[in-house]
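What follows is subunit A paired twice: with subunit B in the first complex and subunit C in the second.
And now, the complex of A and B:
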């Protein structure tokens, strides 16, 4: 009976599971016993108690009298915000930089190459500390704020950008219009990026018409300097600006290389075929190369997105309260270190597994049909 | 018969049709490697040319120069009265009027057969979608695979894919068709269906330049056969003369090797 392959494999697996379970039980019981012996409380009850910790800035509204779970949520929101912004910007910039690196224009290609090499070959923490020091060493005081783009001011106090707010008279109509536009965009995505020439303007027109019918009023709140500080607009602290800009620069370098590899992975023959049909270079890229490249670059790109989430913990280097920084404070304040560490592990695992499953879903959707 | 002294001078075909392609003193180098040496060739409208020669002789490179997939460094190429220079607009105009079929089909694997055919009529000729679809179906019927329209290239056999590639080129209503070893990557039993399609095209009076080793096909449709070796046009003649009485040592050697 023991020579039967199936039986043997079941026996071995049962034995292994048994050993692992016994080891885990031993760990847990020893930990509990030791903690109890030292009088350290264990359990998740503390989460509902008032935290009394200070979080210097937050996307959500947080006061120090809020309970621990809300402090955790605030830290998590900060991390998700950083990751989302960095992922969006580095994807767009990485696409541009990666494709430009293959350009025949030596100046453009060279510039992008410098970006990629600097970003890829410097430790991200060095990049962040360097950028952070720029706020104090290079940028002027708030009264002489540097104005690189209309409405954007950079000074020692951070970045000020115009804020856009929307006021809708009939929100129901707007929802319908946006749903229509979204459905059209979904249909377009299902066409695998292959659209009749007027599709993109049409989708846009549906959205704009919806906004117009619903009588939505956009107001842009331009920052105005009042003599001592800025009124209006949205202020980003030097800490948040540094982590956003620094991680975007860093991640763009990697995304650009992945994009370059993706473009090169599409055979020369596809370019030949496109050229021989009279398609100009830009259209070959958009209609033929990029759709095929996407399926090659999604898995490595996903690894970079996961890295963004993990690298967002470097926020601690410039003093921005991301999830890990908040958790550290919570652990030292509440002395629930075991629970805290489990929450940290669980949250990063959940974030990254969600990213992976989204990437896998997308990858299955765009797979090439064969046979 | 060509004398060896006249071998570099392209003989004009008897037809009085205007020239579709004219190459005068065309040279091309890859770095220091001289791939094409002083090519002189005139192709008349409606003419069918078969280009043969040993591998590495520059046949593919020469026809790829005609639609500027390769750049030539010296001499002149005039297609339909327009000279090929670095002027991107002119290159695009010329490419629109030249169809090309490749050894490895080069269909777009992420698009269905129909979308493969509709892509350039829509984006280059600004055709309406329904119009492009009609054109595409017309040519799919011509290459006898309208029932495959909604499949993807990966689901078709090699012969079917190559016929799709021919239909895709025809959708742009080209004036000239270039074939770069269209049957070399096919399983033997699929060669005939592709050659039949090409014969039908030839009978419709399409100007064709065809790099191929299918000598039976060459004998059947070619007005002239161009034999190339080491980057030069060694011999140019009508098929019956070329096969029965090759004038050059290198042609004789080549024919001896491939006709067994």
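And now, the complex of A and C:
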């Protein structure tokens, strides 16, 4: 009987499942016994109780008398905010750095190579702690704030950046305008097989026109220095600024390598073939090179974006309350550790799965259609 | 005549070479409008940033002066702190008189790593050598049998980083192979279980796994089975590394054509011998570049154990900075620690490049 492959496979599987189940049962029973011995209740009803924990910094409005679930949402919002900002900035910078690395100019290519090597070979947590230690050493007091870009001020107290302020009715309009723009883009892409060159300005024009027609109170709030303080704009603390800058520097190195690999993966023959068809450079790039490049860079870029979400947990190194840090405080404060672990696992899995399914959807759209 | 012109070409006047090279560089830097603009942009950036950095790092820096007050007066970096505190930075709170032991451990691990990267030494004997070395390392670090005993809570600095890296990757590698094979298994219970395990570990930040291991494990396990903090962090790192290595090895396995399996079956080889003799050697060779990348990520990841209270390089740096006698030069200390990590992972990356160029990845 044991020599029959099918029977053997069933026996092996049953044995393994049995061992796993026994192990799980051991874990669960010890956990319950340990919890009972320490007098800790189990259940999710603590979520609606006032948390009384302090969250030093939040994108959402949070007070310590708010319930636990709101504290969790606040931490999650911080994590999503960090991830989104870092993904946007490192994608743009990574594109520039990756292409500059391929430049024939040795000065430009060399500088970008140094950036990539430093980012790829140093642990992000060391980078963050180092940048954080530089904050008070390098930057001037608020009175002599450093002004690297118009509207951006850096000082010991953190960064001040222009804020976008919106009228209450504006978000709804913005959504309408965005939907319109996306519809237009989708229609154009479907007709041309690829986004036409004027798509981006057209989308922007549609959006702006929508806002203008609706007479939205949509304004950019530029920070103004008033001798001892800033009026307007958005102030980012040194902690938040360190995370945003540090993770952007770090991620840019990886995105740059992905972009460079993508550009190199499209053979010279593709350019030659385009030229021989009499296509101009811009059209070759848009119709031949970029579609093939995207196919190569989307999957690794996606895992890089997931890494950004995971790396945002390093915020704890400089004391910024991201989701994991907030959960950690909640667990030690409420001693609902089992529930806390499940929330942590569930939230990160949900975040990363939604990111990767979005990327997979995009990837399917740009993949080779084989007949 | 031909020989003459050749010799004229190959032996130009000394000045001509320099002009030629200069001309080539000038053309690269200013040949096209775009390159000229890039040169101006990057040149300005370098001129603005590099001289002040150099002044801070070297010219105004205090290099070896053992007097802490020299750092308070100087405008530059305080390297004498790193110099004076190097023992504490590298070995943490390990007992002072016993520091030769972690120093020996570091040298041993680095020497063994250097020895192991030569493709010529990749034999089953190497694994035995490593096991023997790990026993020796553990004896040197923990003591007993004639050496003073040192608990893991007093281990610190570079040896902790190196041991965590080497042991986590060393254990995770065979586990990763097993997981990769299990994920390709035809038995649904095994396949589904492995997929769930690998994908959940890969979907989670390492920090959350470390937290679960260090804070939650005391709740999950009976007191008697509970390992100490060092081992708990090591287990978390190993599980994390195994999930990532499994995916890399699975990629290698997918590159093996079916003919190889059929040929092994035709020879009458059973499952495990097919894997060991035919499939895995080829699959791992294909996966070497990706494996090297994963290992670099793991070298960098060990730095996260500081968050769960282990005394790695960063924590010992923080502890050294707490000395009130010195002006607490944090930037210099973290630059030093970053340089150690950089040296480890950069040299590993160059080694991976070398393997790729040697064509070891071709099969």
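Worth a mention:
Note that the second predicted complex is superposed on the first by the 302 of 371 C-alpha atoms of A that agree within 3 Å, B and C clash if a C-alpha of one lies under 4 Å from a C-alpha of the other, contacts with A are read in each partner's own complex, and residues count from 1 in each chain.
In this section, contacts are C-beta pairs under 8 Å (C-beta built on N, C-alpha and C of every residue); 3 or more make two chains touch, one makes a residue touch a chain.
Treat the numbers as computed from the prediction; the structure is a model and nothing was measured.
Which of subunit B and subunit C touches more residues of subunit A: that partner is C. When both complexes are overlaid on chain A, the residue A:237 reaches neither subunit B nor subunit C.
Once the two complexes are overlaid on the shared chain, A:288 sits against subunit B while remaining clear of subunit C. When the two structures are aligned on the shared chain, A:273 is found in touch with subunit B, with no touch to subunit C.
Shared-chain residue A:313: touches subunit C; no touch with subunit B. Once the two complexes are laid over each other on the shared chain, residue contacts for A:363 go to neither subunit B nor subunit C. The residues of subunit A lying in touch with subunit B in their complex are 192, 194, 196-197, 267, 269-270, 272-273, 275-280, 283, 287-288, 291-292, 295, 366, 368-371.
The touching residues of subunit A, counted against subunit C in their complex, run 9, 12-14, 16-17, 20, 27, 30-31, 34-35, 100, 103-108, 111, 117-118, 120-127, 129-130, 133-134, 137, 306, 309-311, 313-314, 316-317, 324, 328, 331, 337-338, 341, 344-345, 348-349, 352-353. Residue ranges on subunit C touching subunit A, taken from their complex, read 25, 28-29, 31, 35, 38-39, 41-43, 45-46, 186-190, 193, 200, 203-208, 211-212, 215-216, 218-222, 296, 300-301, 303-304, 306-307, 314, 330-331, 333-335, 337-338, 341-342, 345-346, 349. Subunit B contributes residues 64, 67-69, 88, 92, 95-96, 98-100, 102, 104, 106-111, 115, 119-120, 122-124, 126, 129, 151-152, 154-155, 168-169, 172, 178 to its touches with subunit A in the complex.
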